[in-house]
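What follows is chain A paired twice: with chain B in the first complex and chain C in the second.
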Partner chain A sequence: MGNILKVKIALIIFSLAILILIPLLETNFYAPVTYKKWQQLIWDDFQGIAKPFTGWGAGISSGIQVEWDSTAEKFKAYAVQDNQSSWRRKVLNDPDYVLNHEQYHFNITEIHARILNLYLDSIQQQGNTNYRDKLITLKFKLDRMQDAYDGESDHGANWGMQRRWEYKVDSMLHELSDEKGKLTDYFSGAEIFFPTRPDLYKQNKVGFRPSRIYSLIDYGVSLTLFQSRFEEHEKFNLNYEIDNFFHEKSLQILSRTSVNTTYDFEVLVDSKDTTDRIVSTRWIYHN
Partner chain B sequence: MLYRLSFVYPPKEDGFGAIRDSFFNSFRIVDVEGYWFDKNPEPGERAAVVSRGNACIVNKYSDYFSFYSGPYIREGVGLLIPSDVDNFENTIDQTVAIVNNTAYFASPEEEHQMFFVPYEDLPDKSFQVNFGFILKEDSAAKCPPFNYQATWIEMNSN
Partner chain C sequence: MLEFFLNRFKDKSESDLIRIVNSKANFQPEAVNAAIQILNEKYNAQVPLPEVTAPLQDTQTRQNYVRIRKGASDIDKFKRSFSYRDILTASSIAILFSAYLALLKFYSNERIIENAWTWFILIGFVIALILNHIFYKIEHRRGNDYLARYFFDLIFIAFFQIIQFVYGFYPSAASLSLSTMDGVGVFFVFAILVALFEILLSFIKYILRFFRWEIF
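Entry: the complex of A and B
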């Protein structure tokens, strides 16, 4: 009697499993896989089945695909995302934040695709097309970077570290772009790295020192390069200029360090604003 | 030149110190003089490059101070002042540099202006350069207003 009951229970479980699997088969297992080349992701790109018992909101599957580009007549690498192996949970607390985290996984893959493209270009110029070993090495590095990203940002749960990774990844992408990441202001001679292109503002009104200001507000921070003409004969006014900046902006100075430098003058000043945000500044005078 | 790098971030968050250091440490100053001299067209290559002479213009201290680079002096070539004055909506008729009461006219560029004075015309001693522009709307006047700013140049005596 006991055995018959066991068989019955087993049959019921089997039937239920079939009933559950049928829609899954219909919606996913036979669903066409699409590989999306690197661009902004949307939630529709996540068609996979959510991992059972996972504590995370989503997961992305991306990789590097090498194709023959018949127009350019060379092999080219692309970062691609697999829609059926990428998944999300139906209910998410902050879907935009989670999607952004996944986007940066895709961006990390794009970094490695660009590195492979540099390699492909160099070997193809020499008539070589054997990229397999390089691809294997890059795949290993890619996986390590993806793990480090998830580990340090705690899968995005550590907001500050998530932002730091976004800065790092954007910086690498910018460095591997045509612009090479560096910004040179040919009026001031300043060269500096911004992770993405900053906005440029000009101050040309009489009564203010002519200045050129690059500003980028992103990653939960604000990055600014302010440049103004400051002539040799005004040099004695530098400390006043610096003090005045903090006074006008109601910033409370926390520390001030003079730097032994190759420039004519350099000082680092940390302060905080009225909302307790830290305002770090590096002042350099050089003629 | 004064440079200020600012980095504003929320307190008590991991990761931002590393971003600040990366941003601050990426800064350096490069020599841009060669860039501007390479960009400056040879006299004669530009439509109305440096015509010189006495001009009837009315000095009008500009309410628009441009950020300029230099001034640069290259021996045998001349004085060059690149300025970030935009020829906004094509409003500038001519750019003018005045040295020793001689005016050097040039047709305006689109994105920035290049003030140029040939080397042979530069004084041996220190001198002032007034540089600026005449607007199209003023150009029909007999003595149009010259919107200018000035810089003082110390010549090396050796």
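Entry: the complex of A and C
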């Protein structure tokens, strides 16, 4: 009987120790916190205690903070990172890659802060400042998206899915920026979406077909908008010109699909280069 | 017989002994006498020994005793023997389960826990229930039937809810405890799970009894 009482008291002490210790570890023993607003992270932003026995290299704690902007006289939402609840292990195999993975966690938080800002702007124009319900909903969605990011990219271990998520998150951030993510070429009028701003190359040498090329090499892929000028009478030779393009680039055509479209001409061509990398192209001609 | 009860009651607390004396109708006279003797010797109580009853009355008492014992269900026994020890059992296991949940939440991003989150909670919960019953059986030297077990489980769940609620006020522990909203939902989910678990346990016990192999 006495032994059972001792066992129960031991269980209570052991359990209370765990319940008290975990919040202490999570907050670095309540060290003063610095909340960093959304920007590029560096390893100095990770001051927390690494989780004992963890299998991961780092962890980030980020959230949405709503502040009163006295200059603009309105509420504004910010994505912030807590430096004491964010942690890293001392030894990491590829610190840059790990930091990049954590950065995209922070970027996901920024997406939701921007969505909240759109909502705040819309309700404040109507004289309303009650954003709590929306914040709760967004917090739920934010958690689900963070879980999906870690789940699909396997916490960054799946390189391909990590790149895919980077593309997705950058696209959403770009869409929610002032530029709205859409690029319009003022010569051709072509509109295209790039996840981040691409580089522009121009070809206007005499003897060559004038062209403008927007290119972005990231996420393990090359995204390119190639624009070239054709005269009206040349449009009947478009298929020949496309074949020439692939021939000159030493690309082997795998499939060619004509598309019924509102444009004068549209065709999708998949090809591969000499190292078996896939090149997917979409050709459009419009007067 | 008196010696047997003196030996058996020697480690009982004062309140346990007083309860035996106060509900003497439920105990054999030798057991009551033993409780009184220990109370007087160990705790300096001055409880007079009951007068020697006539043989006929004694027989009647014994018959009453047998009738009461046979008629009493396990829930009656559970209620009669319910004491601070059971409260301590339920609360200690509830704190243990809360600590287990906090640890699970702390390590929720680890691959092994992330992939089997629900299983970890369910298995932990079942182990907590079993521990609850093992402690009860060791202390009371008897098990309970379905209703009494379920009632004891509900006490454990109630303690668990209280601990979760209180723990939410501990600085930076809110994310490790269940929110009030979750708590209400979880209470009903747990109550249903417990009912199913106890039905399953009763069925297993029935099967074991049928094959005369009552290992618990």
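The rule is short, and it goes like this: the second predicted complex is superposed on the first by the 258 of 287 C-alpha atoms of A that agree within 3 Å, B and C clash if a C-alpha of one lies under 4 Å from a C-alpha of the other, contacts with A are read in each partner's own complex, and residues count from 1 in each chain.
To be clear about the criterion, contacts are C-beta pairs under 8 Å (C-beta built on N, C-alpha and C of every residue); 3 or more make two chains touch, one makes a residue touch a chain.
Remember, it's a predicted structure, so these values are computed and weren't measured experimentally.
Judged by the touch definition given at the top, the superposed model places A:246 against neither chain B nor chain C.
Between chain B and chain C, more residues of chain A are touched by B. Contacts of A:224 after superposition on the shared chain: chain B is touched, whereas chain C is not.
When the shared chain is aligned, chain B comes close enough to touch A:281, but chain C does not. In the superposed model, A:131 makes contact with neither chain B nor chain C. Interface residues of chain C, counted against chain A in their complex, comprise 11-12, 85, 88-89, 91-93, 95-96, 98-99, 102-103, 106-107, 109-111, 114, 135, 138-139, 167, 170-173, 176. Those residues of chain B lying in contact with chain A across their complex are 1-11, 13-16, 18-20, 22-24, 26-32, 35-36, 62-69, 82, 84, 112. Across the complex, chain A meets chain B through its residues 158-165, 167, 171, 182, 184, 186-194, 202-206, 208, 210-212, 219-230, 238, 241, 245, 263, 272-273, 276-287.
Of all residues in chain A, those touching chain C in their complex are 1-2, 4-5, 7-9, 11-12, 14-16, 18-20, 22-23, 25-27, 30, 51, 54-56, 59, 150-151, 155.
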